[in-house]
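These are the structures, in structure tokens.
In what follows, subunit A forms one complex with subunit B and a second complex with subunit C.
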Partner chain A sequence: RGCSRSTRVLFHEYSIKAAILIQRWYRRYVAHLEMRRRYTWNIFQSIEYAGEQDQLQLSSFFSFMLDNFTHMNGNGPGNKYLISHLLDSVVDPLTEEVRQLKYEQIVVPESYCGPRLSFPLSVTDTNALLSAFKEEQTLHGKYVLQLLYETKKFLKQMPNIIYLSTSYAKEITICGDLHGRLDDLLLIFYKNGLPSAENPYIFNGDFVDRGKKSTEIIIILFAFLLLYPDHMHLNRGNHEDHIMNLRYGFTREVMQKYKTHGREMLQLLQDVFSLLPLATVIDNKVLIVHGGISDKIDLDFLSTVERHKMLLKYVLFHMVIICLIQVVDILWSDPKNQSGCSPNSFRGGGCYFGPDVTQALLQKHGLCLLIRSHECKQEGYELCHNGQVITIFSASNYYEEGSNRGAYVKLGPELVPRFFQYQVSRSTRKLTLHQRVCVAEGSALRALKEKLYAHRSDLMAAFQQYDIDNTGRISTSEWAQVVESVLRLDLPWRTLRPRLARLGADGNVEYESCFEDISPGEPIPPVTPNLAETLYRYRTDLEIIFNIIDKDHSGQISIEEFRQTWKLFSSHLGVAVNDQTIDDMARSIDFNKDGSIDFNEFLEAFRVVHKLVIKEQQQG
Partner chain B sequence: MAPKKKEEPKPAPAPKPPEPEPPKEPEFNPAEVKLEFTAEQIEDFKDAFQLFDRTPTNEMKITYAQCGDLIRALGQNPTNAEVMHVLGKPKAEEMQVKMLDFEQFLPIHQHICKAKDRGTFEDFVEGLRVFDKEGNGTVMGAELRHVLATLGEKMKEDEVEQLMAGQEDANGCINYEAFVKHIMAG
Partner chain C sequence: EVTETSKKSIVTFSEIHHFLLSDTIITETQKRISNAFDVFDHESNKTVDVREIGTIIRSLGCFPSEADLHDIIAELEEEEPTGFVRYEKFLPTMTKILLERKFRPITEDLLLQAFEVLDQQKKGHLEPEELTKYLTQEGEPFTQEEMDEMLSAAVDPDKNVILYKDFVSMMTFDDTR
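The block that comes next holds the complex of A and B.
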């Protein structure tokens, strides 16, 4: 190169110095990214569990109504509708034969080019379904009804607990929650092969809700169930329930995709879900249930319960039946590290069970391993209780793109678990770690800001208690304390503060700035800000209640039903609303002036927008 | 008879002058560190410390392996050597096993915070300019990858990938001022 030796040595020294400097900075960059990734995960998890705590709120409302039923104005239709809607079993006057004939007579137009199923199903049918769904086609309602009907017939003869064995060479594959993520199911089939006699599968519940392809998932799972009844097994999850589906999106998805037959499908689905087995046992050694166990569980007793009567609505009405408690425990419990068994306050049902409870149950029944799902895990799976409990979760990117992997576990005759992980990548262009963290973080922070917005009055009242001189500012510690106590989310608030609120010149937090980014979307009906905030906060609960009232799933309820419901709900919440305000509100959202309210439109009015996101979109 | 003249033993080759020993760094003594953090800062550190605490019962402890990450997440950028020094030069197998609590963490973090010569934007740019052969504000991505993986406190291949992802243009060149801004912003 023509450099003298000393120049080269010098250059080399400079290179090393430069390299070390860059490496130092890089490692700092990575650590900071890791911190952001961690708190993003914490945010998603806390909000999810808090949402399930809201379920408690709803349940206490129902029991409030039950308590007050006799005292309420006999003319009031609202409460009567709710209770009767809830408690009536879906009585169908049709006999089995008539129903079967009815479905056969549904005409499928020539123009329909999707799969045409014929029963009993064959491999041709399942292949056709998989291809069709990959192409984003929809299965015609007729076939969905027939499939659901056949599945119901099949499940009726199944016991509560299914006993399997691994023959000499067969490995059984166990998958966890899918939550409507079709891509994950297809990825599992791609990596691990389709279900067959040589390739048995167990799907451990929560097939539906949250994701957008729940219908496709259950169609595929039920089809394989009918095709390979000895090699395909489905356990019930806590989301295989009508009330959960009303809240978490499956009901809405079915009604949107199947306008004509959706209602009947939902009725059938209620039955099908309630008939899913509760547990599977492999080689009398491995117990597989969706949620977990408790110190009350007894498998022999569980085998005898009438599982199709174990519905969440009875829990909501605090209709305590002993066997119902055990079933709720199976579907809702989570493991914890401390010993003992305590009520699962976050979920509103089931228990937290410790390693001693696991040990006791496994010993009682001569088992060696518990496999369960129900909780999202970063790596798709996690072991606890000294390896006696495996959590397996199969919906990757559950909270957001890049949030977690999915996994499945395989068990052979030696019963040594082998784990397989994967992650669906939505974009064709592979995102860098940095991009993935940014996307997930953005989503988590938006969800957190919405929480802040939904509790604005409570937060402001608490902030102002610290701000005696009315400066608009309080210390970081005070801010963090208020937010944690009002929102009841255990998060690193001080670390998050820079992303949520501004500091004033004196280094204190300008507390009102944490609401700046959010504003109401559509112009809302004329209500006071307080009422608007309450409506926003309880949007989901109201949606469930309206959906229950709207028995034929038309999306409409009468003004009278609306008034009564809102009156009840607000008196339960302790929100003072006078009759005139409710009347005005009801009339203003009766857009067609025909005496009925499209409650989906009403609820839409209480969505919020994130101003920063709009700004980015305008600039982008 | 005259004694046979013993052959003179060949003189032993002159011993190589010993490599000048690097000045022996005194062992890190946490008791000698004076904590100068404000109460607010300590609360901030505690907040972040809890984020890294992965003990099942939230005991406010982190592993030795996480210590460096936490210090860096809080805004410092020590070298790996500096981190190992303040940890008392633990063995590799101890890193995932030995724990420290928040009280033990503070003097370690304080020591790192006090160290001079943290490196500014200009230092960083200067460091990269070494590789700017044509003096036009760009460096060859390939050369930078090679250096980062083979010199100094070597990075692993996938770490280099993550760092460089999306930074090179069509010719494989990196505009290093933009690159530095990107790293410092993260």
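The block that comes next holds the complex of A and C.
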């Protein structure tokens, strides 16, 4: 083409240099993205564990209630009602036959075109359920109630620990947390086949909460459980508990999907969850539990406990039952790399157990492997403790689109684990690496900003201590120190700073800028310890308290209950509000016709009180 | 003599100033390094997997080549390679790299020029096959995964070519966000 040989050689030299340059540049670009992806992960995980730490806070409130109820208005009917309300288990007034008849008599309208289950279940029923849920249909409440009731009866006769053998089947498949992600369950069934005599499954807890299809998941799992009782096994997770469901969304999901029968379903679910077995053992060699172990665990002792009495609310009320501690350990513990066994401060329950604890327990019972779930892992699974512990997690994209893969593990008679990974993708067009990182990062940063906002007054007070001259700015170092100590989240704050707060012209951080962009259109309230912020910080707790008081899950509480709760909560928080104010406010709220309050009005009440208090202060 | 003394004190003052400034710079630099290191320190015991060293160094703003990294890692590894690098060893090495401004950034212009060199016929774009050939066969070759990932962001879906000018502007913008 008219190029001399030397020109070609020269070009070749240049092209190599150009290639190296592009490669060098691109690898650096990818590393930068990888860094963002990693700290995004850290943010999600820290916030998740901090949320579970909040459970401790709620717990202290309940203790406070217990300690104080005798001092409130003497032994008035209000308080006793409230407390016993919270602790009593609901006794089923109907006999088994009567209850079954009651469900049979529920009329399903002709217009309903979803699956109609018939008991005992057959493959037709499970197939119908799978198709229906793929089409986004809802199973009629009648069948859900019947399914839950049958499941409860079935689980009652199961032991605490199930012993399995691989001798009859080729391989057993073990899945981890699903957390309401139906797409992941369907993907597992698609890749690995449906449960059957030739294809046994163990699901290791945390079927519900967080994801939006928890109801569908448990319906499918329980249906297969009834259909293949010898080949389908479910372990209890820490989220198979009423208190967790109140906080993390399952209760809300049920009440929204089943307005008529939701309450009854939730009652049944409490029983069903508490009756789920605690552990599974394969070939007397492999132990499978949801959380982990501790140095207190003894499997023989665990086989004897009354597992249906092991409820989180007893932990919250600090009712210490010896066996409860062991059960909490099984459901909540996490492995760590250092030796020893220490309390799991992140979770507020259970332990951190080291490789020595694992070794000791496995040896004690002649086991060789522990399989557990409970922690999200980027690759869907992880080995630790010299391969003696496997973590298996089956909800892909758990924190956000693209955050992690899901996985399941298969064990054959030689007990060598084989791992299978997958990732559900919502978009048809494949996102680039950059896009995936941005989506996840955006989500994490929004969550962090919410946290900053919720602790605004504490943060501002601490910032101002460094800002002696009142310039509105402090150094990056000081900013990072304050945020870390107030939020108590161990994150790379200096690396995150560009995403959270502005720098002034002098290179220092304008600290008030980290409270901007919270909810569009919402004005930033004045900086005093105020109820708006308190409300925001404690809104989940308030929802839980509301839901506990609203025992019959009617969505409403009485004015008296509201008054009691508000008095307790505000005195616990040290916010002084007098009786007259509460009564004024109660009257000014637009109650439903029968004089009761629903949750939104409940929340609204706190803001109204604040306005009244401020008005009082201004007038006074 | 008075002038001599005042000259001396001026020099001394700026020496102190310089010392304080550089001390602050060193501390800030080390804090940046510590932050980046911690992101990859999964077990919270001040060690990272040696395979993550490249990512850490690059995320701190450096543009080393694979050969450069190879040398750095050789320096950082223990006499008996454990597969992990300890923070005590990493910190001085990384501090030196940052303060000496080694492995300087590749600017947008330079990157664009590199693409123009590969575009022999001055078409204004590159075919995916062309770029793949260069980047997977020359220099420090990309793996198939790296190449696929770059193409997914670089190839214009309608014309099925790489409009490298647009690509370079977009990537450098993304990087600064």
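Following the convention adopted for this analysis, the second predicted complex is superposed on the first by the 553 of 620 C-alpha atoms of A that agree within 3 Å, B and C clash if a C-alpha of one lies under 4 Å from a C-alpha of the other, contacts with A are read in each partner's own complex, and residues count from 1 in each chain.
The rule is simple: a contact is a pair of C-beta atoms (placed from the backbone, for glycine too) under 8 Å apart; a residue touches a chain by one contact, two chains touch by 3 or more.
Since this is a predicted model, take the numbers as computed values, not measurements.
> Thinking of the overlay built on chain A, is A:34 touched by subunit B (first), by subunit C (second), by both, or by neither?
After superposition on chain A, A:34 lies in contact with both partners, subunit B and subunit C.
> Is A:42 in contact with subunit B, with subunit C, with both, or with neither (first, second, both, neither)?
Touch partners of A:42: subunit B and subunit C.
> Taking the superposition on A as described, I'd like to know which of subunit B and subunit C A:492 touches: first, second, both or neither.
Both partners, subunit B and subunit C.
> Touching A:113 in the superposition: subunit B (first), subunit C (second), both, neither?
Once the two structures are laid over each other on A, A:113 reaches no partner at all.
> Where does A:10 make contact in the superposed view: on subunit B (first), on subunit C (second), on both, or on neither?
Neither subunit B nor subunit C is touched by A:10.
> Based on the A-chain superposition described above, do subunit B and subunit C contact any of the same residues on subunit A, and if so which?
In the superposed arrangement, which is not itself an observed complex, subunit A uses residues 11, 14-32, 34-35, 38-39, 42, 337-338, 432-434, 476-477, 492-495 for both subunit B and subunit C.
> Within their complex, state which residues of subunit A touch subunit B.
Touch list, subunit A to subunit B: 11, 14-35, 38-39, 42, 337-338, 432-434, 475-477, 480, 492-495.
> In the complex, go through subunit A and note every residue touching subunit C.
11, 14-32, 34-35, 38-39, 42, 337-338, 430, 432-434, 476-477, 492-495
> Which residues of subunit B touch subunit A in their complex?
Residue list for subunit B touching subunit A: 40, 43-44, 47-48, 50-52, 56-57, 68-73, 75-80, 119, 123-124, 126-128, 130-131, 147-148, 151-155, 159, 162-163, 165-166, 183-184, 186.
> Across the complex, what residues on subunit C touch subunit A?
Residues 28, 31-32, 35-36, 38-40, 43, 45, 54-59, 62-66, 106, 110-111, 113-115, 117-118, 120, 134-135, 138-142, 146, 149-150, 152-153, 171, 174-175.
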